[in-house]
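Structures are listed in the sections that come next.
Two complexes follow with chain A in common, the first pairing it with chain B and the second with chain C.
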Partner chain A sequence: MAPSLLHPPSQLSHAAALQLSQQAPAVLRSSPSTVSASPLSALFSASESPELWTKYENLLLSCLRTGDERAAHQCLERLVARFGNDNERVMAFKGLLKEADAENNGQLELVLKEYDQILSDNDTNIPITKRRIALLRSLGRVSDAASSLVRLLEFSPTDAEAWSELAEIYLTQGLYAQAIYALEEVLILAPNAWNIHARLGEMQYMAATASGAGAGPYRKYLAEALKRFARSIELCDDYLRGYYGLKLVTSEVLGDSAGSTKQNGADEFSLPDPATIERLNELATAKLSEIVRHAAARDPGWCGYDELEVAAARELLTKDASALPGVVR
Partner chain B sequence: MAQVPVQTIHRDPQLFYWILVPITIVMILTGVLRHYATVLMATAPKKLDQKTIREQRSLLHGINVRSNFHVLSKRSFTTRRDALTTAYESGAYLKDPERRGQAPPNPMSDPSSMEGMMGMMKNQMAMIIPNTLIMSWINAFFSGYVIMKLPFPLTIKFKSMLQAGVATKDMDPRWMSSISWYFLCIFGLQSVFNFLLGNDNAASQMAQQMGQMAPPTGQMFGPGVDPDKQFIAEVENLAVIEHYSVLDGVEQRLLEGITV
Partner chain C sequence: MTWISKTITVFGGLLLAHACYSAQEHSALQSLRAATSTLTSSSPNTAALPVDIAIETVVATLVILLGLVLGTRPLRPIQWRVWAGKIEREGEEGFVDNEGEVNKDYVGNPFRMLEARPGFVDIRKQRREFAQWVKNGDSAGAGAQ
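What follows is the complex of A and B.
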């Protein structure tokens, strides 16, 4: 799939981002530098469309990522010319550019002060709040970032982006229970997001295998992780991360022969019986090798897998095969 | 049955150029003007302060938990339900907790809600004033003419619609008066405005009337709604949920559904 300027560029690979930002001069030249809001010109020229502004925003982000700051500044100028300096989104982009232009931590601190100033005037400016949190995090003040996020979520608990950021921050600090809670909030807002289901499964797997987890939580986390991965595959066929996680969890459970078969309480998910786990493991192995085979052969219809993920899956399969030499499939 | 003789009325062909075309052009121009007047008069949405946002989004949060509870495990759901219920019942999310239990302020006296009403009034005015003006203009200059004959036959019921202002009993309903042309323009220019101004224009009055007929269903946070009552209602909604999870039996579904 060719990268498009109409989608946010955060998920793109480096090559795709570079390709996008190289389009910058063409895009900037082909669209008018200012769009007049006056009625007369709107009658005669093509009217502005929301897509144009989406394009500028995404182009700005791609250009910043690839270091083309001149084009980024041009994009920003056009956004400012249209929406004014007081628009919240535009303010966030201006801050982002300033952060990009800063050369050392001292200048970043200045930008941080500016954000604080803006927020003291208007404490509901959510884009700036988020920029401030991101800046705090990149300055290494992770606990400050987490507490600011909690404050943001206190008055805006329906913000999926903030919840998932909070989950990642908690995860880096090893606070698994909190991270899982935050990610569950994302799922409440987006119940069918298969990537979030898989991510939650990964977190639960990490929580289970982290040292210090007792036998009870261990089985509880593993059971839910297994179900989360299964759900993510149910929502998205041939989802590599889902199968990878499913294989990891089922191998972990099967390898853990010491674990008791004691069922969890009624409130908890419990692991399915060993035969089902065995079948799930086989399914995951078969599907993973199918995906790896097709992706390696670059079959049509099987493109779009991340190469690193495919490599990781291949590695998992080889490790699995070498660990179980006696098993002939 | 004897064939009804075709009525012929000899009209000055100039009628066509001096009535039909001017009315149409004036109607289009008013529509365009009305669109820009509405755009200019529109007030920016009022900034909500943090407490109001908190109140509204906390309620939304509860609604989300209620409608998507099936992604959670039973324990996570119960934790959330307990927390939300306690907070809702104690009024922790209310904008001003000390006003709790009092009757909501009269929306007519509340300045913040007056603004919304003013906006509606302005829109109404932008519709009524030009319509009155044009109608009286047409009445003053063009009333009493028959200006064109429709190329298709019509039943007698259309007489009152098409021949407004021409009081003749026996004339074929195919004949049209200028007022009727005006009405046709009101109802029929929507596509012209779409072409000129884009899809979400404010030029056509038909769309606005449609909007009035179906009252907005999103009146969740409007003036005169007591948030405390909404919270209490939400507590009840949460309390009656019988929890199930979409993760129950997902392995079986997966094994049955997917074949390698």
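What follows is the complex of A and C.
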């Protein structure tokens, strides 16, 4: 099915982005080029809809990604004609276009200076602040980006997107404890986000494997990861990513069962007993093989999974089957 | 499934049309009889609708309702985990309306945006990756030829 222009294109595959940007001439031709904001002319011309502007934004992003600058500039012109030059969102898109057009680091520094200029006039311009942080990160100045992001979060602590970005930045620097803290903040703001629960589980699993078996926080991180993956499955039936993580963590714990079994402090979540973990592992294996089977057969109602994720799950299952022939049924 | 519901709806429509026609015929007959009865001055009879026409109307309405209800798509899940699982398992194919179009308010996983983070998009990296993909695709295509 063709991707819709009404959804943000950041997570689309390259082919889908290309398909979207190839629609650009047709969309630009069929939509009105200017929509007046005055109520009098709205009586006589076609009424505008919010979807139209969402479309322009997403088209702009897809066209920039595929290198179709002409269509991107057209989209931006229309957004500017409707919302004016001093709209914060439009300012961020203009900056984005300049970033994409820049050919060397000198021009990017100029764009950065422009952002600083805008922010010195009005330092509550959140879209531009975010662009500035993204540009800093893209230029490789990650610690600057992190400190700017922390400052942004100081005056806007309910911005889940910014907390999530902060978590990813900390993760790239290997600061697991900070990354986990930032992602927990996201979960406070969006407690039902099953993918964020799974992401947190993945981070904790990474932290556990990075600290190495036998180290102090190893079992604590594993227990937390187990809890997070279980929660993501509780929030979402047949969640491939959650079951994948659950299987990884339980296999890790079972493989490590020879290690220390001393109890943690009372306030910390401790691992359940090995029998429970064994059953969780079996459940995850059964669910994963069911999902892989259905997705491979392209059964109706099972086509929503990402193909790469299914392939990864299949690989995990075969690896597990060759290592522990007794566990897989 | 759909042809059953369509047949039932059409049958109900026929019944309803028949009931309307009967009622119309009945009233025409009544007015004719009233015109003749003023001449013969018989008892003033009330033009009440016969009970079978009323029953037919009610039954036809119920049959049409049954057909329409059978023809609708299954209701959307109201439990969070079932709904979320449907999004993950079926993607947008699970959220089509009666015309087969994807619902306008379908957004997939609404929390995906927290991982994609459109406000922090690194457009230069995306462009590089896309250019790389195009180059690889071209070289793969050239290799296949």
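The rule we apply is simple: the second predicted complex is superposed on the first by the 317 of 329 C-alpha atoms of A that agree within 3 Å, B and C clash if a C-alpha of one lies under 4 Å from a C-alpha of the other, contacts with A are read in each partner's own complex, and residues count from 1 in each chain.
Everything below uses one rule, namely that a residue touches a chain if its C-beta (ideal position, glycine included) is under 8 Å from a C-beta of that chain, and two chains touch if they have at least 3 such contacts.
In this text the structure is predicted, and so the values were computed from the model without any measurement.
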Next item on the list: Identify the partner contact of A:287: answer first if only chain B is touched, second if only chain C is, both if each is, neither if none is.
Entry: first
Next item on the list: Using the superposition on chain A described above, determine whether A:130 touches chain B (first), chain C (second), both, or neither.
Entry: second
Note to self: In this superposition, which partner touches a larger number of chain A residues, chain B or chain C?
What the structure shows: C
Check: Thinking of the overlay built on chain A, is A:305 touched by chain B (first), by chain C (second), by both, or by neither?
Finding: second
Next item on the list: Give one of first, second, both or neither to describe whether A:184 is in contact with chain B, with chain C, with both, or with none.
Entry: first
Next item on the list: For A:158, select first, second, both or neither according to whether it touches chain B, chain C, the two together, or no partner.
Entry: first
Note to self: For A:234 in the superposed arrangement: first (chain B), second (chain C), both or neither?
What the structure shows: both
Note to self: Just checking: does A:202 make contact with chain B only, chain C only, both, or neither of them? Give me first, second, both or neither.
What the structure shows: neither
Notebook entry, point to check: Can you list the residues of chain A that meet both chain B and chain C?
Noted result: 234, 237
Margin query: Taking the touch rule as given, give the residues of chain C at its contact with chain A in the complex, in rising order.
Written below: 80-82, 84-94, 102, 104, 107-109, 111-127, 129-131, 133-134
Next item on the list: Please give the residue numbers of chain A that touch chain C in the complex, ascending.
Entry: 1, 4, 6-8, 10-11, 14, 17-18, 61, 64-67, 92, 96, 99-100, 102, 127, 130-131, 133-134, 137-138, 160-162, 164-165, 186, 190, 192-196, 199, 234-240, 300-305
Note to self: With touch defined as at the start, can you tell me which chain B residues reach chain A in the complex?
What the structure shows: 32, 36, 47-51, 53-54, 57-58, 60-61, 64-65, 68-76, 78, 196-198, 245-247, 250-255, 257-258, 260
Next item on the list: Write out the stretch or stretches of chain A touching chain B in their complex.
Entry: 39, 42-43, 47, 122-124, 154-158, 181, 184, 187-189, 191, 197, 224, 226-228, 230-231, 233-234, 237, 266-269, 272, 276, 279-280, 283, 286-287, 290
